[in-house]
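Remarks on the structure that follows.
When the chains are written out, they are named A, B, C and D in that same order, and each has its own residue count from 1.
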Amino acid sequence: MKRIAVLTSGGDAPGMNAAIRAVVRNGIYHGLHVFGVYRGYTGLIQGDFKELSVGSVGDVIQRGGTILYSARCDEFRTEEGRQQAVEQLRKHQIDGLITIGGDGTFQGAKKLTELGFPTIGVPGTIDNDINGTDYTIGFDTAINTVIDAIDRIRDTATSHERTYIVEVMGRDAGDIALLAGLAGGAESILIPEVNSSLEEIIARLKHGADRGKKHSIIIVAEGVGSAVDIGRQVQKATGFETRITVLGHVQRGGTPTAFDRVLASRMGAKAVDLLLSGKKDMMVAIRNNEVLGIDFDEANSQKHHLDLSNHHLASILSI
Amino acid sequence: MKRIAVLTSGGDAPGMNAAIRAVVRNGIYHGLHVFGVYRGYTGLIQGDFKELSVGSVGDVIQRGGTILYSARCDEFRTEEGRQQAVEQLRKHQIDGLITIGGDGTFQGAKKLTELGFPTIGVPGTIDNDINGTDYTIGFDTAINTVIDAIDRIRDTATSHERTYIVEVMGRDAGDIALLAGLAGGAESILIPEVNSSLEEIIARLKHGADRGKKHSIIIVAEGVGSAVDIGRQVQKATGFETRITVLGHVQRGGTPTAFDRVLASRMGAKAVDLLLSGKKDMMVAIRNNEVLGIDFDEANSQKHHLDLSNHHLASILSI
Amino acid sequence: MKRIAVLTSGGDAPGMNAAIRAVVRNGIYHGLHVFGVYRGYTGLIQGDFKELSVGSVGDVIQRGGTILYSARCDEFRTEEGRQQAVEQLRKHQIDGLITIGGDGTFQGAKKLTELGFPTIGVPGTIDNDINGTDYTIGFDTAINTVIDAIDRIRDTATSHERTYIVEVMGRDAGDIALLAGLAGGAESILIPEVNSSLEEIIARLKHGADRGKKHSIIIVAEGVGSAVDIGRQVQKATGFETRITVLGHVQRGGTPTAFDRVLASRMGAKAVDLLLSGKKDMMVAIRNNEVLGIDFDEANSQKHHLDLSNHHLASILSI
Amino acid sequence: MKRIAVLTSGGDAPGMNAAIRAVVRNGIYHGLHVFGVYRGYTGLIQGDFKELSVGSVGDVIQRGGTILYSARCDEFRTEEGRQQAVEQLRKHQIDGLITIGGDGTFQGAKKLTELGFPTIGVPGTIDNDINGTDYTIGFDTAINTVIDAIDRIRDTATSHERTYIVEVMGRDAGDIALLAGLAGGAESILIPEVNSSLEEIIARLKHGADRGKKHSIIIVAEGVGSAVDIGRQVQKATGFETRITVLGHVQRGGTPTAFDRVLASRMGAKAVDLLLSGKKDMMVAIRNNEVLGIDFDEANSQKHHLDLSNHHLASILSI
């Protein structure tokens, strides 16, 4: 193994740059040449490679986004596109590829492995929805972004009898909503994994108001519904004034937290170690504070699991 | 003048607590007894007064919200309500009242003055929409909150050809949108003071895309329209993917900036000085870095003015 | 078990309030009366107890410090002092006590257990130096505070050939220095657990400068030495300009991160569950993401372990 | 005027990049070619020029530091060095130069003007110590950095009878200490402009303690003395435990505040406008919210003035 490449793909996540830095520097430390592939699988197909030096990844550990850019790539979903990608890798004499991203990224990576190209995945997505790893890069930053918003709303919430509804990311996974809701002290947390009828939420709101609660904050994962719609229904049913916040892509950015930088540094370095020891077809994971490689198949074998005991805890603590 | 009272009213704003602290401590420094009135004009009518000590306002300078709470009060809009308020003030032997809030607050304050009760207003609102003062308490914090959101969006915006629309507060005044848009480097800023047709915005977006611009951030003051609606129209007309952020009451909270704390400290102290020198029927203002008192009538004589040269500058700098 | 009490002791840590909130609300949820003891063991001896309601711990989850205050207590180190403490607990009909703090706190807690009083400890200290738990409450916030400082230094560090030395907390444990140094991309990390001679550091600095590195950031745990002293020696030996930052108690404050709030919420709730299930003489710990109770003896049986592989990783990644 | 150049010099300040962006984009808007000069006057002498495009200054408005780097330059203090600089400017056919920095920067700029080269200065320094302008770029960010530190200390300060001493920047000017001290609610503020004997400070501390004050925060501008030394003396004289924070270069970094970005954008654009209208030998200033050009001589004619009424106010409000 003499030359490796690294790319980022899918929705970006804070900490991706820290992971790229770790790949580059751990690679160079072990005598490798490390190439960056720009704009994900698109750049892979088009041969948009550039060798990265120690200095190329200086002053990036703290930056959100990804210096390699990311992009969607429909072409890579075709057999032909993937063949072209492997040709480019061969043409640039790359011996191994590290892909940083989420589910879609790894499905692509697996296809490359099937074509015989050694590939290691690093889980980078704010959604924390990858099976087999306790955490993904970017998740900790995203929930801190959300609780900063909740804290600000709480500052102003004490004065008026109002209901605040905050819509956060999470189409299929309620991780951001659940952890941010628990950490933010939200009164209700609506996630795809738990069926909460609007009746329950309204009953809870009214019960709170009866007990003298001045205001309530409801966190909604986007997969459950739109904050605007839910707000209208709540306001109609309770008569409480309702105010909406939709954070949107604010959650994808920001300087990564210490947790995400450490995780990204460890995972990026591990990906290089795995390639060097002849591994392929693997995703880097963290389990019980240990960073290790697991088979892509294991990562994909079952749905990501959300610990619902935190949902119960949040409801107890926000009484 | 031996006993004064202070209240906060209307939408709360970061820095209100710093202003309350300044009123209390400057009052006590000058030998006064200072009373807090809870929940704005509602507490004034109901006699919800409590004497505040030096310690009552310890550890509050950095807190968002208002320790005196705020509330709307329909009753105060009636002659009878205001009579009751003055009776309460007389009953508690209060010699002067300081009201911290926005336009509505000062209309109430002026009515009290007309009933013969010495009242001084302190402009506290994130909207910066009070005539006669260069800045209101809370505005600087709010625009910093907005640019933090814009910065995060920018982190993620570089990867995809997308248009991001951020809706900020400002029903009648575009101050938050304009200054935050200029400071955030937004490509378009839609404010009530400037007629921008959707056609222009779309033309600007397309022109940017033609020049290779990957993404655009549009700031919309809520008075202009809903980000959701504008987003739909833009997406339809351009075909660019559009993503929405609605910050909502996030903008009302947060720890106040240094600017807002200094402004609030100076204004709160000045309000006491004005009462002590026999003034009434006045609002505290800052002009050319000087804190002074101006007649309520002057404050209300004309509409708050927004410096539109900044709008032109923002469009030059975001080419 | 009908009445329990909770106190905080030792150096305070961000997240202590979130832990108190969890104790109070989980207690009340289970039908208990929960009392706060003010100023740690001092208040325990003096009988400074106050019953806490659901509302007492509203709006505190995001606050640094501790609403119960903390204090040193020499008296509690005497047999007599501890007897008085138990008498106060009995007098107030308290059935179980939860103490939130660090090493010293738990030594006190153990003594109470020996006197027959059921006590559960919750690890709250920024130093992360408690054996038996992967994390202590406050540690994650502290390292984020440190990396914010490092990031700011880095902004300015690119212009001049300078060496920046940042002294952080950690008398006996290098956890803060190590994780913050890794996350901050520091060039050298000096911790009590690893002997680094000044010669090595200076050699590393010179080597970096030879390779064109413009600046270096060195993190020093206070247990290793004073940044001022080390700075003088480095400057003398290398001739590089050296600039010093000593963060001090800045590291103890700040709004807790999501991680610390979730940890504190889970740990505080668990402490109540342990008391309710008849446990005593235990500390709450987190291991492999699971919150559980471990014997005080186990917690004290060996020295807290620091994963030094991160030290090696940091040196690879900051080449 | 067809080609202009811009450089940053001296200690860097948050907002310098926003000023560079404004110079570049306003220049290009007016049909100019704009060149960046790297590493201040050093790059000017060495001919380190690069043409900047609209895209060169994309995504920099929010970054601390300076993308053009800064450096000290002893050579520029010689007649010969300055002659070389002018030759380089002529060689690159530059018609006007914009220098962003502090006092030393402008002394250099003035010398260039004396050699016949049109030069405009933009005040960028966290110290706010330039005469003739109400604010310099970077000052607002720096005081917000300091109050963030003070807020964190305050979180932990409530528990123990301690004195916290925070040393901030300001060799000759107390602006940072004074405004941050006022905004942070510090009990004492020691600045070069006001003689405060150690006796007074100690008396104030003891008086506070007698009144029940648990802790005090003292802000010291570095020009007054070292926090370590003052801390030792205070501890010796009062017996109170004393804790030290030295922020150092943390104050020079960080993402610029909205205030600094708006100021930098307006000032940078104005510098171009001044060159275009044939002005030279001028510094851009902000006075009474208006951005304008003033003669270098006026800027240097008298010492920067600090409004000491804020010092008195801070002492009243921290009783």
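Just so we're on the same page, a contact is a pair of C-beta atoms (placed from the backbone, for glycine too) under 8 Å apart; a residue touches a chain by one contact, two chains touch by 3 or more.
Computed from a prediction, not measured in an experiment: that's the story for all the values here.
> Note the shortest touch-path length, in steps, from chain A to chain C.
1
> Check C-D, A-B or B-D against A-C and flag the pair whose interface repeats it, over half of the contact pairs matching by residue number.
That would be B-D, since it shares over half of the contact pairs of A-C.
> Please report how many Å separate the Cα centroid of chain C from that of chain D, as a whole number.
Comparing mean C-alpha positions, chain D is 35 Å from chain C.
> Nearest whole angstrom, what separates the Cα centre of chain B from the Cα centre of chain C?
Between these chains, centre-to-centre, one finds 38 Å.
> I need the residues of chain C touching at least two other chains; which ones are they?
151, 154, 158
> Can you give me every chain pair that touches, using the contact definition above?
Here the touching chain pairs work out to A-B, A-C, B-D, C-D.
> For a test of understanding, state which residues of chain B touch chain D in their complex under the given definition.
Residues 21-22, 25-26, 28-29, 54-55, 59, 61-62, 134, 140, 143-144, 146-147, 151, 154, 158, 179-180, 182-185, 212, 255, 257-259, 261-262, 265-266, 269, 287-289, 310, 313, 316-319 of chain B touch chain D in their complex.
> For the complex, give me every residue of chain D touching chain C.
Listed in rising order, the residues are 11-12, 14, 39, 63-66, 69-72, 145, 149, 151-160, 164, 228, 243-254.
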